[in-house]
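Take a look at this one; I'll ask things after.
Labels A, B, C and D are assigned to the chains in the order they are written; within every chain, residues are numbered from 1.
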Amino acid sequence: MSGGAGHEARDQRLAEAVVGGMLADDAFSRWLGVEVAALAPRSATLRMTVRDDMLNGFGVCHGGVTFSLADSALAFASNTHGRVTMSVENAIGYPAPARAGDVLTAHAVEESANGPLAFYRVDVARADGTAIAHFRGTVYRTRREHAAAAGMLTTGDEGNG
Amino acid sequence: MSGGAGHEARDQRLAEAVVGGMLADDAFSRWLGVEVAALAPRSATLRMTVRDDMLNGFGVCHGGVTFSLADSALAFASNTHGRVTMSVENAIGYPAPARAGDVLTAHAVEESANGPLAFYRVDVARADGTAIAHFRGTVYRTRREHAAAAGMLTTGDEGNG
Amino acid sequence: MSGGAGHEARDQRLAEAVVGGMLADDAFSRWLGVEVAALAPRSATLRMTVRDDMLNGFGVCHGGVTFSLADSALAFASNTHGRVTMSVENAIGYPAPARAGDVLTAHAVEESANGPLAFYRVDVARADGTAIAHFRGTVYRTRREHAAAAGMLTTGDEGNG
Amino acid sequence: MSGGAGHEARDQRLAEAVVGGMLADDAFSRWLGVEVAALAPRSATLRMTVRDDMLNGFGVCHGGVTFSLADSALAFASNTHGRVTMSVENAIGYPAPARAGDVLTAHAVEESANGPLAFYRVDVARADGTAIAHFRGTVYRTRREHAAAAGMLTTGDEGNG
């Protein structure tokens, strides 16, 4: 098909516009200090540093903070196509704790999609590669367009037809 | 059995001592603003108010914040017996969003236990009773004693024999 | 409101017609030997007996058999309203093993619903009440009508409007 | 270290002995018709063909059958090290249905381990590569030795020290 490269460039611009808009308004992700390390259609990599005010009563990173990082990565990855997409059900397993000062990277990628539903996995690791969390997210794609996607979507992007 | 009431009072004191110690050191739960609304052996109810800095890019409570509240309730409930207990695997489903100003209550209760492993459910609801999240937690009980439990544990409290 | 009792009777007939039709065509649930012990709108209780050909290499009931019983209970409960409804994501925890000869009961009930998505829990127990499995199911309700529901549905039953 | 190749050969023999013993006694996996397509330490690939008696009331493969295939792959992979290992918590998402005649492959691999606990993922796909299920398993490794592992284990294989 002609136009493949044009579509790829458009999809990448759309992903960046949507995630830029989401992050600007996302107070809690800003509190977490997340930075977008990489972004592509249906994929996002975030990075943050564990701070003292993110620790739990055992002196390690609160499981909810690790989950939140993964959840933000899921939200960004799963909205890159420009339709408002929401978490339905998420699960997380914790192979190892994170500590203050650790730089955590969360890499979210779509595993498969089925109509309005899609399945993502997010792996969270320390800088040395140690796995900190295995996260799985199921999301539901609505028909609503992101404001940042205005004019960039075509009929083929409909999630729920 | 003689001593039942004595055991119950001791178990309640143990639960309160452990959770008091955990919460004092739990910087992130304090950031969340969680309060202990009720506490009993193997059960905990927490309450918090959703603030503007807890919202995501859609203007609703970040899923990670709701998860964190439930996770703290799980941590408190599952450590009440005085042995250090950690989350292994948690799952959350989101039937409805929470908004700024909403008062959320998370009620954690043990469903069953099997040796060092135990299964908890946590329900998160708004003040009007609307379900906000269904959370399930699987935990692993170590043999380590909480400092706050020193001298209050007997052999029968061993999780992992 | 007038008509409440009439609606309840209609909803019960609808649930029975749909589940009767599903079970008649469900070869694997018949292999499992499941019986419907109770049925109501958005709820179902199934019963089966663990047989020798359901055991795994450890001589206990295969986790997949226990899951299947719970999954059938979920499928029946979540289709009672007459629209074709499918599992999206299920999770199961195993507090105790089941053995040959055990009579297992799975009780499925809707926890909450949000548009086309709904959340169910299913508890599986032995006859003596011991918890065998905690199961959670997230389902997606399509707009397709069950054949058995023909003429019994009204606009208000639409899941995905 | 000297002996690396010897250890690898021993680990492979151990995996084969354990899984051979498990499968010989696993009545339900035999009913499913599972074959071991590949086996390595902490990994297993199973294959089976969907039969008419595995269908549900919608005429597609019962979710419990797909789960069972994945669960058997998990059980085999997670026991390859010779200690009796059991599922604690499993989750499955269903991106697409399987139909009668489909040949399904389930590939189980360890993602990470933490003391007696380990995390596995299992991907189930059709012969054409279409994803049928995403499965995640959390397992608990006991200290009990498999009979088939007698004399093949060393101190370093202890899961729960």
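Just so it is clear, a contact is a pair of C-beta atoms (placed from the backbone, for glycine too) under 8 Å apart; a residue touches a chain by one contact, two chains touch by 3 or more.
Computed from a prediction, not measured in an experiment: that's the story for all the values here.
**Q** Pick same or different for copies chain C and chain D, depending on whether their interface residues overlap by over half.
**A** Comparing the two copies, chain C and chain D contact each other through largely the same residue numbers, since over half are shared.
**Q** Looking only at C-beta pairs that count as contacts, which pair of chains has more of them, A-B or A-C?
**A** When the contacts at A-B and A-C are counted, A-B has more.
**Q** Let me check something: if the centre of a chain is the mean of its CA atoms, which chain is farthest from chain A?
**A** If we average the C-alpha coordinates per chain, C ends up farthest from chain A.
**Q** Using mean C-alpha positions as chain centres, tell me how far chain A is from chain C in Å, no decimals.
**A** Their C-alpha centroids are separated by 33 Å.
**Q** Rounded to the nearest whole Å, what is the centre-to-centre distance of chain A and chain B, using the mean of the C-alpha atoms as each centre?
**A** Between these chains, centre-to-centre, one finds 27 Å.
**Q** Touching two or more other chains, which residues of chain C qualify?
**A** 88-89, 91, 93-94, 117, 138
**Q** Which residues of chain D touch chain C once you look at their complex with the stated criterion?
**A** Interface residues on the chain D side: 21-29, 31, 52-59, 62-65, 67-69, 71-72, 75, 84, 86-94.
**Q** What part of chain C is in contact with chain B in the complex they form?
**A** 91, 93-96, 111-114, 117, 119, 121, 131, 134, 136, 138
**Q** Please output the residues of chain C touching chain A within their complex, sorted ascending.
**A** Within the complex, chain C contacts chain A at residues 88-89, 91, 116-117, 138, 140.
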